[in-house]
Amino acid sequence: MALQVEKTTSGREYKVKDMSQADFGRLEIELAEVEMPGLMSCRAEFGPSQPFKGAKITGSLHMTIQTAVLIETLTALGAEVRWCSCNIFSTQDHAAAVIARDSAAVFAWKGETLQEYWWCTERALDWGPGGGPDLIVDDGGDATLLIHEGVKAEEIYEKTGKLPDPASTDNAEFQIVLTIIRDGLKADPKKYHKMQERLVGVSEETTTGVKRLYQMQDNGTLLFPAINVNDSVTKSKFDNLYGCRHSLPDGLMRATDVMIAGKVAVVCGYGDVGKGCAAALKQAGARVIITEIDPICALQALMEGIQVLTLEDVVSVADIFVTTTGNKDIIMVDDMKKMKNNAIVCNIGHFDNEIDMLGLENYPGVKRITIKPQTDRWVFPETNTGIIVLAEGRLMNLGCATGHPSFVMSCSFTNQVIAQLELWKERKSGKYEKKVYVLPKHLDEKVAALHLGKLGAKLTKLSKSQADYISVPVEGPYKPANYRY
Amino acid sequence: MALQVEKTTSGREYKVKDMSQADFGRLEIELAEVEMPGLMSCRAEFGPSQPFKGAKITGSLHMTIQTAVLIETLTALGAEVRWCSCNIFSTQDHAAAVIARDSAAVFAWKGETLQEYWWCTERALDWGPGGGPDLIVDDGGDATLLIHEGVKAEEIYEKTGKLPDPASTDNAEFQIVLTIIRDGLKADPKKYHKMQERLVGVSEETTTGVKRLYQMQDNGTLLFPAINVNDSVTKSKFDNLYGCRHSLPDGLMRATDVMIAGKVAVVCGYGDVGKGCAAALKQAGARVIITEIDPICALQALMEGIQVLTLEDVVSVADIFVTTTGNKDIIMVDDMKKMKNNAIVCNIGHFDNEIDMLGLENYPGVKRITIKPQTDRWVFPETNTGIIVLAEGRLMNLGCATGHPSFVMSCSFTNQVIAQLELWKERKSGKYEKKVYVLPKHLDEKVAALHLGKLGAKLTKLSKSQADYISVPVEGPYKPANYRY
Amino acid sequence: MALQVEKTTSGREYKVKDMSQADFGRLEIELAEVEMPGLMSCRAEFGPSQPFKGAKITGSLHMTIQTAVLIETLTALGAEVRWCSCNIFSTQDHAAAVIARDSAAVFAWKGETLQEYWWCTERALDWGPGGGPDLIVDDGGDATLLIHEGVKAEEIYEKTGKLPDPASTDNAEFQIVLTIIRDGLKADPKKYHKMQERLVGVSEETTTGVKRLYQMQDNGTLLFPAINVNDSVTKSKFDNLYGCRHSLPDGLMRATDVMIAGKVAVVCGYGDVGKGCAAALKQAGARVIITEIDPICALQALMEGIQVLTLEDVVSVADIFVTTTGNKDIIMVDDMKKMKNNAIVCNIGHFDNEIDMLGLENYPGVKRITIKPQTDRWVFPETNTGIIVLAEGRLMNLGCATGHPSFVMSCSFTNQVIAQLELWKERKSGKYEKKVYVLPKHLDEKVAALHLGKLGAKLTKLSKSQADYISVPVEGPYKPANYRY
Amino acid sequence: MALQVEKTTSGREYKVKDMSQADFGRLEIELAEVEMPGLMSCRAEFGPSQPFKGAKITGSLHMTIQTAVLIETLTALGAEVRWCSCNIFSTQDHAAAVIARDSAAVFAWKGETLQEYWWCTERALDWGPGGGPDLIVDDGGDATLLIHEGVKAEEIYEKTGKLPDPASTDNAEFQIVLTIIRDGLKADPKKYHKMQERLVGVSEETTTGVKRLYQMQDNGTLLFPAINVNDSVTKSKFDNLYGCRHSLPDGLMRATDVMIAGKVAVVCGYGDVGKGCAAALKQAGARVIITEIDPICALQALMEGIQVLTLEDVVSVADIFVTTTGNKDIIMVDDMKKMKNNAIVCNIGHFDNEIDMLGLENYPGVKRITIKPQTDRWVFPETNTGIIVLAEGRLMNLGCATGHPSFVMSCSFTNQVIAQLELWKERKSGKYEKKVYVLPKHLDEKVAALHLGKLGAKLTKLSKSQADYISVPVEGPYKPANYRY
């Protein structure tokens, strides 16, 4: 690995695939801006006062066109930004190019190796001698993880002189993380401590990242305040649900051109992501079957006419398999062997270990035929039949299509901007401890409100007497905290 | 009012419409039992140990066939029960008859006057000299209200000697409540205090009742512990949503036989009830428009392709209007005047004041033509055109049809049984203070699980390593408390 | 059988259940008129010229509120009318009463015996000494059948002196037909010949009736011209499809209150009726499985995500069974024995022999428990479990609910009016031979056009150059005859 | 234009974009074969007997992967094949490459100019001195048109010596056609006559092409027999409906990544294509409005809850516009000027003149910004806002995505193979005159049956007595010719 940081004429660092795609990226950003009213409203409302003046923000979040609009919203509000992707396949190279050229330091390209991925993450976190970041925008928690692991290693090193040992773990990816930390330690044994000290907080995008944060909070190991953006209603009930409803069929079509109508599709998990996937597949004419561990979600599926079975029941008759669980070991290589010829297997949950890619790769005699990037046919030697795996088991909507569309990402990212503003505004007030917070409901409602006009909606206004009757303020918030929507 | 309590041969009190319908009621109960696996499982699990032995339970909840199965579950577990309906139109007379004959003291019939309604409520609360009730099953909170108002009046009376004055309020219904309390006070100035002292707690069924309870909790006026059954996921996300999706079209069809396809239908409110109604109307081929005050719910509607406008925008073009808000003054008589001839106006929210029935009744020159019970055409003198109001503005699914179907009520009522069991079991432990509680998630999940087998579903089981990976117990609960489903 | 014709004060004959329901019938007719713009347009357009002046029309078609509006449209255009129902359960008694009182001779009530049914049919055809009818409105072809069988029997009698022998057939219903003809023959051996000679033609409503007509046309035995109203697009693609989509769940709910969501529903046949039923069940949250003989219809179901299996595959797991085939022997008693306890079995196709009612009734030891009229639980002795059969195997939407809603029947019945007008106008022109005709497409389009305004639709108009480009007249018809819609 | 035919090592002619994509094409063909059971069954059933031995087939039909499987089915049955695309954007270059390399003479690439397009068409028709083609597979009728125009010109030339004059028409494309014919005439004044004499017949794929054929039949100018494949149920009710339901959102997503949920989408035309498009958009969460000229189709839309308005009513509020009419002048430049910024305008009907591309291109001061190939933003000078036009107004599903998926094309193309077999088998029998024919229903049903197994469906078999009861053969066909499905 001899990755070289490059610099723009203005001296800003970057590492992207192809700078010549920047103009194309700009055109697509301009389209996206029209579809992202929440972010554009933030620019209009907060831009003039430059609230992020002086703030250095690192982002680890899919470097797509939508993220580009987020980044340029942060910079429009005064921030300085460094960015990497949180998934090796999710970068859109034209988006990376235009942001690198025009707006922020970007380290991201589609098809990174795992080593390259973590190199990019480290670059995004490294603000040089001036120090930084002040704030982190995280998706899945890898930036947060690196800092926490770094601090931990530095503490051990300080106490014992022991460097982290990559050989101490079987997990190939974690070996890379340890290597990076080890190499960093040699250069500066307080690198991550300095980072931690300066850090005002992180806002986290996903279910999986949030889960990690709550675990650290519960263990007392969380090093800085965190805002759980995922659990804003305008995030998890929109991005996860409607975003996946859009991008799952998009990914399937771009990767395989398969007719969804008439097929039997198995969706593993019926949370928000699973609900969106099941809805999309059903509406496209598939017969959908879900697998679930949670009886409540299972009963919801049944109420929609969706059959609930175990993977074992359907593994040999289904045509399409989608994992949405955020868990691991959902579809194992032994399952894949039993599938029909050309069954499609893909993941839209979180990590690639939802599908047993390791087991597949190591299966004796298995043959991998790459139809096109992110679309591989794996042929088993016993049967000479194959299955089609998308995006190497990673997020197929980002690997095979372009992720979630701008409008729904505008909801999610407006939450991010608001969370970042809140952390930054309160950086000295002590309002936020080393805990995980959700945004207050009135901000959640505000995010929604910013997206209604674009769709031509008109809200009804409560009269004072109606508001009193149901005991809410006229201007909201309208629901109790635990309301489920 | 000269209502007379009657007695069965065994001496149990009742007041119902027609005892000869009891056999028909029994046949329908037998059908319903097959559809209510949660309640039947409770009988199988808890029946042998008779946990309610000695408990006197008063219920104020629509006296339908489904409620009959609930009542007989309570009695099968050892309870003694008295019951009234919580809505003047919601009683199914054959259900009331069979329960009165076979299982519990019932005071309920379809088409009560408001005076009769409160007489029934008082009868259901009056356990005679032995005292009682120990527990209340409430729906909308009228039984709870009567006790709270009674206690309040008794305190004033004790301090000041003043009796409640029905003339002190404009609200016709509250005048009746005050009259009942006043008359009771004369007979026994400690009646409601004695009730309160004995009362172990209440479990409340609805959004509206729950709201009242939280207000009392916040004001410090709640007199006994309460379990909020409404906010069990297996209640509010099932009964409210899927129940209304079933019973709204059922009510429309039985009342008017109108073709829903092709019509423009306005649903006021897009909470769980509104979501169910909108789904039903859309699927039946209507073009649905919703009105909302909450931007988040509005954005959800838009994501489903449903237009969001104000009532004013559509009042003169729509064919069907449904209120689902739990608020008041949603459709006023001035709105109704602007509607198309034979526009249908109905309420499936909570109280009849969602529709301005008072304004309609008092409109000068308005003519009411009763097509059949619960289906009235109101003709305005200016235009000689009319609108069709269902169930006099009260819950149309109960007034014009038979309410929610057994299966979904089994979910709700299994929560009730579990809540009652919990209150009773902990009656001396001090576990429950004078506050409002929700059931723990593992019980919520249990309720769902009890309903899967009937629908042929098979759950997937977590492995230990998967459970650890997502940090949940293998046997659940699987979701954080704030999970929205 | 000692059925007595009654007479109104004006001397018109009738036989209905309860004349006191006439006012209620009038109120419902007034509601229906608002929903039947096609029929009301016919009254406005043709009423003044009284085109049916002198025409005597006999109808054999479900005596519902919608049919009442049809009848009063015929009389508004100048016709004299006699009517019977075409199904023993389909009469709405208030509709029959009001028509009998105000508009036409009616012989119909809900719950006729088969003998009563044919007595009514004969009464409707018997115009007394003045002769008649001139025209027949038929549904299923029973009026047409009686005349054809009568003529056949008269010919045999004339040639051979032999009277029809009811004992010559096993078919219980046909025995009754033969008895009626036999008795008629004795009174007037030329009765049906006279009828035939006068008859201008018949317009037939249903798939089943139309099939009979084409068979007679092919055999050369059709005795008068027939217009196939069923195959107007605005009939079969609306009434059959959207009508059943409305009335199937309506019937299920009124008869059983069963929750459709979550259930497994089998729809036998995926023609227009089956498509409507499957759509309704799916949208209500059932998991639908269809059975089909026709590979094209089967493939259509698959494209909608509906599984296609044989009855045998699913008989023991499904909850609801609906026959829609127009064929016989679809669900046999041996199938019913294998069903789950309280499985619902019903027919919305045509005759009650889609379900093996005879086999069920004659099953040794079977027990019939009538829950309520048209809802029977049949318990098998071996298992002591039962199934629920609706409307005794006859059309459940008419037997258990109120049939199709007014709006869609307005489409069907406007076709009937137009067909009757056409037959009557051309009665002397020789335009129509003893064959089966469909209405020309421009009339079909006209029927549709008459129903758009009520639903707020606006049509686009072709420019002349556009019309030329696609080679159609500017004013239509717009599609070739074989277009499938 | 100096287009050069190239030759494979085996000497077969071709002209494609990039021969190096052939391997990729082969991989995708192998995937497609699994999805095209109808074509693969034809290979299994007919391959051994080589029925096309000696037949030279020219195809003018989108040169996609699916078409590649069709071509290799024709060659597997013994035919020799030459092929061109019927749309300048619809070729998939890897499909063209692999077929050119392995199976047939191909002249097609994505992004032809109109001149190149007609050069390709002529090449595909030119079988050299040996003569040919014997059969034509046509889509839209361009190959058929060229022959008919050629023959007409040759006749005029023979009689008058006059050559066709390209300047005689305003239509830019027809100028090219006339030029080609003129140049051909000089070389061989009997070229098209010879072609016509040899030609056994054509099978035509589309509504538009079929309309041309019927016009020629009616005018008596049709030069050879034609089989109308479009009106096979398994074509028009599958490919047009379910194909577009799949490929419309696919094209929208690939071209614009726009979120469909929440948008207002206008579908012009509600025929089979429009029905598929409206269904797809509705299911994706758009609010759909249709425009229609035909009252019957309009009423169908209304029954599905879809609003029917004129373009004028909605032009300034909608977000997405789709033309599906097969007519011209549906969306004019004056309409486009009134649209919202970044409104999307696209065509999935037939020719690009559904959208007024000419008017748009010639609009004074309009600016065209190509976001990416087939996705152009056109900015009007007055407002500086723009609209997004897909595929230059041509078929967006082929231009922006990959057309219809394999499975549904297998239905269409199996009809093509059967039609070609039928024409070839009867080439000397005189069975087919110079008329337009549809395939008999039993073959239509056979096509469907060949596609059921792949989807796991099981058909029910009629008993003999059931078949007799409904008067059809046990083995089908099951429906009358005019049945609408």
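Letters A, B, C and D mark the chains in the order given here, with residues in each chain numbered from 1 onward.
In this section, a residue touches a chain if its C-beta (ideal position, glycine included) is under 8 Å from a C-beta of that chain, and two chains touch if they have at least 3 such contacts.
The structure presented is a predicted model; accordingly, all values stated were derived computationally and were not measured.
Contact with both subunit A and subunit B is made by C, D. Following the contact convention of this document, A, D is the list of chains adjacent to both subunit B and subunit C.
The most distant chain from subunit B, with centres taken as the mean of CA atoms, is D.
Centroids of subunit A and subunit C (each the mean of its C-alpha atoms) stand 58 Å apart. Mean C-alpha position of subunit B lies 58 Å from that of subunit D.
Centre-to-centre spacing of subunit A and subunit D amounts to 41 Å, using the average Cα coordinate of each chain. Annotation for subunit B: residues 242, 261-262, 285, 299, 302-303, 307, 455-456 touch two or more other chains. Those residues of subunit A that touch subunit D in the complex are listed here as 24, 27-28, 31-32, 34-35, 65, 242, 245-246, 249-250, 253-254, 256-264, 280, 283-285, 317, 341-342, 369, 371-372, 377, 388, 401-402, 404-408, 455-456. Within the complex formed with subunit A, the residues of subunit C that make contact are 261-262, 282, 285-288, 299, 302-307. Taken in their complex, subunit C has these residues touching subunit D: 211, 214-215, 231, 233-234, 236-238, 242, 272, 291-300, 302-303, 307-311, 313, 326-329, 411, 444-446, 448-449, 451-452, 455-463, 465-466, 469-471, 476, 478-482, 484-485.
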